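For clarity, chains are labelled A, B, C and D in written order, and residue numbers in each chain start from 1.
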Amino acid sequence: MNVRICDSLFDPFEQIQLFQHQLALQGKFGATSIFIGTMRDFNEGDDVQAMTLEHYEGMTQKQLCKIIEAAKAQWQILDCLIVHRVGGILPNEPIVLVCVWSAHRAEAFEACRYLMEELKANAPFWKLEKLATSEKRWVSKNH
Amino acid sequence: MNVRICDSLFDPFEQIQLFQHQLALQGKFGATSIFIGTMRDFNEGDDVQAMTLEHYEGMTQKQLCKIIEAAKAQWQILDCLIVHRVGGILPNEPIVLVCVWSAHRAEAFEACRYLMEELKANAPFWKLEKLATSEKRWVSKNH
Amino acid sequence: MIYLRYFASLRETLGHSTAELQIFEPQTVLDVWQLANPDVPLPENTLAAVNMDYVPLSHPVKNCDEVAFFPPVTGG
Amino acid sequence: MIYLRYFASLRETLGHSTAELQIFEPQTVLDVWQLANPDVPLPENTLAAVNMDYVPLSHPVKNCDEVAFFPPVTGG
């Protein structure tokens, strides 16, 4: 499976390595491009204590699979992996992992960026921040 | 140190994690962009058995540091790491790792790509391939 | 029967995350919102999905569809 | 004295990786190659560095400089 939704802390490097070991691509991939999004302890000028990630179970997977299909149609990639956290999350914990394997670097770089931008634009996730003041607010700007 | 030259097999994920643990950036980085170049078992239509990576000790480090300074002048990045293998190397082993940490994703993506392109264009490394036929040849095209 | 889903701030505004609605003639997504929430104008920028695909508010809704409303997404 | 370094295929062509050369007047990088290797024309596309920085072949060389010649790089 190219898409994983995790409701607890995940180790992005372990996820990549586990996935990579299953790939029948030993010696075939020359390029791996990886993006890891990590929770910061600040946003929009405020200190953030914690966050809750809500998502639309089912639609999330459907939209991420569509994004992956679109990337595969556009670039010659060998495989890819998307992992996204949901539920309660703390600063410094990984939120999202996107990893692309290809023979050459241009495809890996471009497809990885594309997957990440499309995920941010179209995958149905919503962030609820708990500020240091204990105030809760829905994130509205998705930079 | 942002630049490491390794004369034996390195684990890119271990390198990233060790470096990341030393960063005083917990909660500050929201984006990590990583590129890993891995040795393929084919090149220019031929099967490749092994490779030797020669470099210009001293100039390599100097040029990579210059490239990093140029990236830091251009993008707001928090830190970066470049690891490059030298000496004998086998298919499926990592050749190069570039990793960039930043607050937001655009900087990480763009600086990582820039570092990798500049490294390929300017860092004094040379690849000597040993083909499946046992013939040796210097790689001349750096795709 | 059609099945309604609300997410994030929209779910909080309405006070519930799911609802069901009987429709007797072809309706659009916007009609469905107005029938289900006659007292709540659809907030600006609301996105809609039918059967987990994005659709415009003018999209037709048929019996057994799952219709979701939610604010702009902020994952990643 | 100036210190010469040759790398990769150029090192193999010349059969050695280092050399030293006494220069008595200002010379360019290209002059240095010709003085050190009078029988070997400088291969096309050869790159040069003085003290580990890239330079054009017209760059002046001074005493104690390290001058390197090498083919296009192929790392990464």
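Here is the rule we go by: a contact is a pair of C-beta atoms (placed from the backbone, for glycine too) under 8 Å apart; a residue touches a chain by one contact, two chains touch by 3 or more.
Everything quoted here is computed from the prediction, not taken from an experiment.
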Groups of chains joined by contact, in the absence of subunit B: A, C | D
{"item": "Chain separated most widely from subunit B, comparing mean CA positions", "value": "C"}
{"item": "For subunit B paired with subunit C, centre-to-centre distance based on mean C-alpha positions, whole Å", "value": "48"}
{"item": "Between subunit D and subunit B, distance of the C-alpha-averaged centres to the nearest whole Å", "value": "26"}
{"item": "Per-residue multi-chain contacts in subunit B, two or more chains", "value": "37, 105, 116"}
{"item": "Sequence positions of subunit C contacting 2 or more other chains", "value": "76"}
{"item": "Which pairs of chains touch, using the document's own definition", "value": "A-B, A-C, B-D"}
{"item": "Residues on subunit D engaged by subunit B in the complex (per definition of touch)", "value": "5, 7-9, 49, 52-54, 68, 70-76"}
{"item": "Touching residues (chain side subunit B, partner subunit A) in the complex", "value": "13, 16-17, 26-42, 91-92, 103-105, 108-109, 112-113, 116, 143"}
{"item": "List of subunit A residues in touch with subunit C within their complex", "value": "37, 53-56, 58-59, 62-63, 84, 95-96, 116, 119-128, 138-142"}
